[in-house]
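Next up, some structures in structure tokens.
Presented sequentially are two complexes of chain A, the first with chain B as partner and the second with chain C.
Right after this comes the complex of A and B.
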């Protein structure tokens, strides 16, 4: 059923390796271009404060058992009381955050720049691959696949009897797209603009929505049961000293 | 917080450098990383590197960072002309830099020209209201002028926005303690404990404040925090041990005649005393009689 096609080594030399090299170079180029184009962000007062409030509230939740019950209750009230608690966000404001983000011109420009720097090279490379490297079998995937993948992986190959494991260069392009992320973080350091997959994931869960995280912190804080660990520590200190003195 | 291994490394490098064994650049980098304050050594060795053309060119672009470090150390040692030279060089190289502007502000502070320094810092803050370091410099100016209430006000406003900054909370706590506003100081130390619950120093400081504040509830809480410090340091911290003894005797004094609820930790004081005696026997045997008589007087009154 599966005839073994013998693939010319010239394919490896002139298709697979150049394609990978080109993608790496394009990635490096994009990294430097994005560094040049990055405008310094002036942090918004409210955002900074909210970020810090969240850190503080999170600390309170994590270490609540280390402070006396009265202080804990006072702090909890300070954070979540109805009129002017730090974490309390009236319902009306919660909706506006997203609309605000779209209408804020600076942020929209930034987003557009980031999007462009991602979409354009991808589109161009994809078109280039399709133009130059289509219509032949480029590689063989080592594991067998079902017929459903045929449309995705064998775009230029119009023979329906060829085994689905034999793919075209388009699939090699996609493989590189997702696989070179690790390589980029090695050669460019942690923060690099070529992290497309991360950015794509970020875009689906849209942006920093502070009101939601504030609400989440408030709920978390309301749930916390205060159990003062200090009395336990007294007993433990006794045993520590007993061992020391012996 | 500096870890033990880093402290050892710093001491080793310091002794190496002092005895002329080389490794000055490493030492200076470590000082910069750990943010410790060694102005005399930094000044001496940093200037040696900067003035030696060969060594300086070996650093490449890092020599500007060294220049900044030496400028700050010079201001600490009151060698203002050295500082002025360094800052002039930096300003020529980086004409529009806020970092150099900050150094110039610090030089004004070092000269004692408070009003000019305050003006410079306010103009920086207008450009960028989120520059944390400039905010802190303003607090330092107010504190150096002796204007503690302004310092507290500035610090509170700073903490209103940047409430996750531990160093600021520590500074505020120390200022409150110096003004004997113990309840506010206790609040600050609680914040510090919340952010780093396993750091025994904060527990001890908090317990100190509670003990000083007085009142039976505070004393009992203080005892608990001294105990937790003992727990966290494995019984090696003498301040916590002393604290436990003092707290127990103070509680005993206050609740004389009333039902003492020693059921929580009856042996804690006796154990603390034993641990202290053991430590003194090992560390300072000639002071041991002094210790025993003090502790006996504490125990008698409880």
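Right after this comes the complex of A and C.
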């Protein structure tokens, strides 16, 4: 069962290395194409304003302890005031914004473009691999697997006595697909978007409900207990000085 | 009278009751508070020697505030009083440094494991060994003062541990096949 197959050197030269090189190049190409095709979206002024308000409220919440209590209360009132507070949004308007965002044709087009640029290279490469590189043993994975993986990894090889470690080129393709993500993040920087899960997170970020986040910020701001740290900073300065003196 | 009041306030600062009293009582006028602060400072400087040290200490703090090459100090925390001041982008860039280091080391480790001919469980043990070496290297890079760069131990040790596994396996298979099978 565990006999060592002797594999042709030509397989290494013409299957493993070209497949890896092609996948790396396609990844790089996809990165540049997505960069070029990213249409400059004119940002909606209202959305940007709301986003900035959220950022300001978050900063206030984070640094609340560094300003005197009265000024903190004044700022909090400015944000969560009932009549014209920035974070207070009546319920009726909120639903409109969300519905409008989803039916916006520009955003739908962008999502479609991102989807296509992700799926088409993968599909094409997979079809190419299946057509050219099927029916022979391509590689040996260095760790043993159980028999249940045989159907998945050895799809083109019809011998049932070959060790499961000897896999076909389809599994080499999948191994490359997942393993080259790390390499892409190294050579392409952060904005490579070759990962499906990252893309999913970006897409759900677009459908973000602004009123919900405003309400969340308002609640968070209301919860904050103000504890002015300036009096304590004197003790801190004193202790630091004492350490220096000694 | 003012001096004793401010001394009392400062001694109360150690206990938790101070925060309660600050919230319930009306806030004192700001000018009065500042005047008492400056008065206390003048009284607590007994000699000119301490004043000079104070000036020196400010200079030292400004020099240490510069950036390292790859990691930036993201947190300042005093010993007795817990006032965490986080710099968000510093902490994010620190996490990115950890991620890049682990990815790179897992790729290199995969190539090494393939060349040396590890199979099966030995290879995965080697992967964990490489991750441990990466963690030790990162800890040494922070100069063993983790808390000035990261929030907790678990971030620098366990973050991205399994993220590099797939890259490791890919390059391990690649190197193993090229060297041993073909």
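Following the convention adopted for this analysis, the second predicted complex is superposed on the first by the 172 of 246 C-alpha atoms of A that agree within 3 Å, B and C clash if a C-alpha of one lies under 4 Å from a C-alpha of the other, contacts with A are read in each partner's own complex, and residues count from 1 in each chain.
The rule is short, and it goes like this: contacts are C-beta pairs under 8 Å (C-beta built on N, C-alpha and C of every residue); 3 or more make two chains touch, one makes a residue touch a chain.
Since we're looking at a predicted model, the values are computed, not measured.
Asks: More residues of chain A are touched by which chain, chain B or chain C?
Replies: C
Asks: Of the partners chain B and chain C, which touch A:181 in the superposed model: first, second, both, neither?
Replies: Only chain C; A:181 stays clear of chain B.
Asks: Scan A:151 for contacts with chain B and chain C and give back first, second, both or neither.
Replies: neither
Asks: Is A:60 touching anything from chain B or chain C once the two structures are fitted on A? First, second, both or neither.
Replies: first
Asks: Touching A:244 in the superposition: chain B (first), chain C (second), both, neither?
Replies: After superposing on A, A:244 lies in contact with both chain B and chain C.
Asks: A:68 in the overlay: touching chain B, chain C, both, or neither? Say first, second, both or neither.
Replies: A:68 sits against chain B and chain C alike.
Asks: Examine A:231 and indicate which partner it touches, taking first as chain B and second as chain C; both and neither are also allowed.
Replies: A:231: touches chain B and chain C.
Asks: By the touch definition at the top of the document, which applies to A:52: first (chain B), second (chain C), both, or neither?
Replies: First partner only.
Asks: Both chain B and chain C touch chain A; at which residues?
Replies: Comparing the two interfaces on chain A, one with chain B and one with chain C, the shared residues are 62, 68, 229, 231, 233-236, 238, 240-241, 244-245.
Asks: What part of chain A is in contact with chain C in the complex they form?
Replies: Result: residues 5, 7-9, 11-12, 16, 20, 62, 65, 68-70, 139-144, 172, 175-176, 178-183, 185-186, 190, 225-229, 231-236, 238-241, 244-245 of chain A touch chain C.
Asks: Can you tell me which positions in chain B touch chain A when the two form their complex?
Replies: Going through chain B, the ones touching chain A are 128-130, 160-165, 187, 190-191, 193-195, 197, 221, 223-225, 227-228, 230-231, 234-235, 244, 264-265, 267-268, 271-272, 274-275, 278.
Asks: Can you list the chain C residues touching chain A in their complex?
Replies: Spelled out, the residues of chain C in touch with chain A are 9-10, 13, 19, 22-23, 27, 30, 37, 40-41, 44, 49-50, 53-54, 56-57, 78-81, 83, 86, 96, 99-100, 103-104, 106-107, 113-114, 118-121, 123-124, 163-164, 166-174, 176-178, 181-182.
Asks: Can you name the residues of chain A that touch chain B in the complex?
Replies: 42-43, 45, 48-49, 52-53, 55-56, 59-60, 62-64, 66-68, 71, 229-231, 233-238, 240-242, 244-245
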